[in-house]
Amino acid sequence: MNIKPLANRVVIEVLEQKETKVGGIIMPDSAKEKPQEGKIVAVGIGSRADNGDIIPMEVNVGDIVLFSKYAGNEIKVDGNEYLVMKETDILAIVK
Amino acid sequence: MNIKPLANRVVIEVLEQKETKVGGIIMPDSAKEKPQEGKIVAVGIGSRADNGDIIPMEVNVGDIVLFSKYAGNEIKVDGNEYLVMKETDILAIVK
Amino acid sequence: MNIKPLANRVVIEVLEQKETKVGGIIMPDSAKEKPQEGKIVAVGIGSRADNGDIIPMEVNVGDIVLFSKYAGNEIKVDGNEYLVMKETDILAIVK
Amino acid sequence: MNIKPLANRVVIEVLEQKETKVGGIIMPDSAKEKPQEGKIVAVGIGSRADNGDIIPMEVNVGDIVLFSKYAGNEIKVDGNEYLVMKETDILAIVK
Amino acid sequence: MNIKPLANRVVIEVLEQKETKVGGIIMPDSAKEKPQEGKIVAVGIGSRADNGDIIPMEVNVGDIVLFSKYAGNEIKVDGNEYLVMKETDILAIVK
Amino acid sequence: MNIKPLANRVVIEVLEQKETKVGGIIMPDSAKEKPQEGKIVAVGIGSRADNGDIIPMEVNVGDIVLFSKYAGNEIKVDGNEYLVMKETDILAIVK
Amino acid sequence: MNIKPLANRVVIEVLEQKETKVGGIIMPDSAKEKPQEGKIVAVGIGSRADNGDIIPMEVNVGDIVLFSKYAGNEIKVDGNEYLVMKETDILAIVK
């Protein structure tokens, strides 16, 4: 891929949004944000610890991840659409 | 389980909400948030200290925990509903 | 007790609220919050220093403490009502 | 005294408020807060540095101090009224 | 170039804005910010770690980068227009 | 002087306000705050670095300093009026 | 010069404002702040790292710098007008 995200950022290809709604009976007052699923296509070198050391990324290219629907910036590379966001906006890796 | 939360996040299966209301006589002006109970089904590797070291998690898979009703993001994995939240949103382990 | 608070949290049994009002003559424009008294029934392992070390708790099980009336989350364990709050919300130990 | 404040908190007996108003001619647009005077009756062990070390208190029991009128929480111990506040809310020691 | 940005700042020559819109069908509720493309023409020495060490820059002069449309300050040097922004406002390097 | 400011605070005797207005022609849209001049009459021991070490003060008793008009708390000691403020509110020493 | 700025502050003599406007065609929705140019006439000793060490200044007396139009406090020394601001408010050195 022709793009290298900076610091602890990743580039994500958004996948079809999974059904994540929790039933009205169990959580009737729920106002929680529903996350989105995507595939990591590029990763940065990681963020910096307070002493300047690089903290390695937990995610790798190819990982399927869940992230907040409102996270990230949209970009278009070689005609394809992606999101650039920080690793801290990723909730979990779907194995 | 097919999901791995990042950093100090956990995946929680929400349990039936316990009765946590304190009587009106003792705390008539109470406006405090009532926590919810759940079971830990997956844990991240932990957050990072300022020097980059990983701080181990206090909770383990199988722990029954109390957490704020408004904490976390709802996700659906293999047809089941869960919450993803940070360990710092968990109040206590019910032993 | 069957509950273990996380990090620097404590579980408190609320005691009868002490009279803490300061007379109108000395502080007529006082709008200060009145604290509440309680007994510590469980303590966490402590918070983390920036290098990841655990900072030991100052309070112990059995201590009678003063805390802000609005601090903490209400919980119910084995039919009894308690508050879960951080040690930083505790003002003082009444000896 | 039967009370031990936590961390970098102190217990203060409020003294008669000193006249601290600056004349209208010198500072006509002054909207600055007027501090209050009190006597330290109990001190905590101190706050924690980022590495977890305790930072010793600058004030001692018996010191007469100036502090913001709006600082602290009112408490009543053995029938007497006091304020509990953090050392960082104290402006100066009156020698 | 006759300008040296301070700390972790860079000077960027703005390029023609790329088409980065994601289709309405996939993200109908999208309100995400569209980034802009530019060429790095000068870089600072880097920001400081907490211990005072300089953290080297990830970007170099000549790199084509993506950054938020609202980032940076406009400047004019030798009749040409540029943006000065912090490296943390840069999302990715387009290779 | 009978007052000892805490941490990185100083006690300042306010001097006659200098004329600091910049002409309307050069900065017509200026809305910048005009500083005030004073003489340091007491200094604290200094603030604490993150490791707990004391950072020595830059100002000394007798220094004439410039500070923001809105900085500090007014106090009255032995019938005289002063300001107590943090060293970080001082802009410069007038030599 | 008879003034010594504290910490990481500098004293700046404002120069004639350069034309920095970017044409309406290239950035029609631009709402970015236009910086101002000035000459450094005095520099402080630098800010403090978290361990208390002094971080040396990047700018020197005589440097021509760009800074935000709204940065700094206006002062008047020996009849001349200057700005006092922190080095972090300076965008770049014009060589």
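Order of writing sets the labels: A, B, C, D, E, F and G. Residues in every chain begin at 1.
The working rule: contacts are C-beta pairs under 8 Å (C-beta built on N, C-alpha and C of every residue); 3 or more make two chains touch, one makes a residue touch a chain.
This is a predicted model, so every value here is computed, not measured.
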**OP:** Would you kindly give the rotation angle relating chain E to chain F, two copies of one sequence, based on a CA superposition and rounded to a multiple of 5 degrees?
**Re:** 105
Original post:
Rounded to the nearest whole Å, what is the centre-to-centre distance of chain A and chain D, using the mean of the C-alpha atoms as each centre?
Top reply: 48
**OP:** Just give me the whole-number Å value for how far the CA centre of chain B lies from that of chain C.
**Re:** 21
Original post:
At what distance in angstrom does the C-alpha mean of chain C lie from that of chain A?
Top reply: 38
Original post:
Of all residues in chain B, which are in touch with two or more distinct other chains?
Top reply: 50-51
**OP:** Take chain F as the starting point, go toward chain G, and spell out the full loop of chains.
**Re:** F, G, E, A, B, C, D
**OP:** Show which residues of chain D lie in contact with chain F when the two form their complex.
**Re:** 18-23, 26-27, 29-35, 49-51, 53, 55, 58-59, 66, 68, 87-88, 90-95
**OP:** Please give the residue numbers of chain D that touch chain C in the complex, ascending.
**Re:** 2-7, 9, 11, 14, 42, 45, 48, 50-52, 69-70, 72-77, 81, 83-84
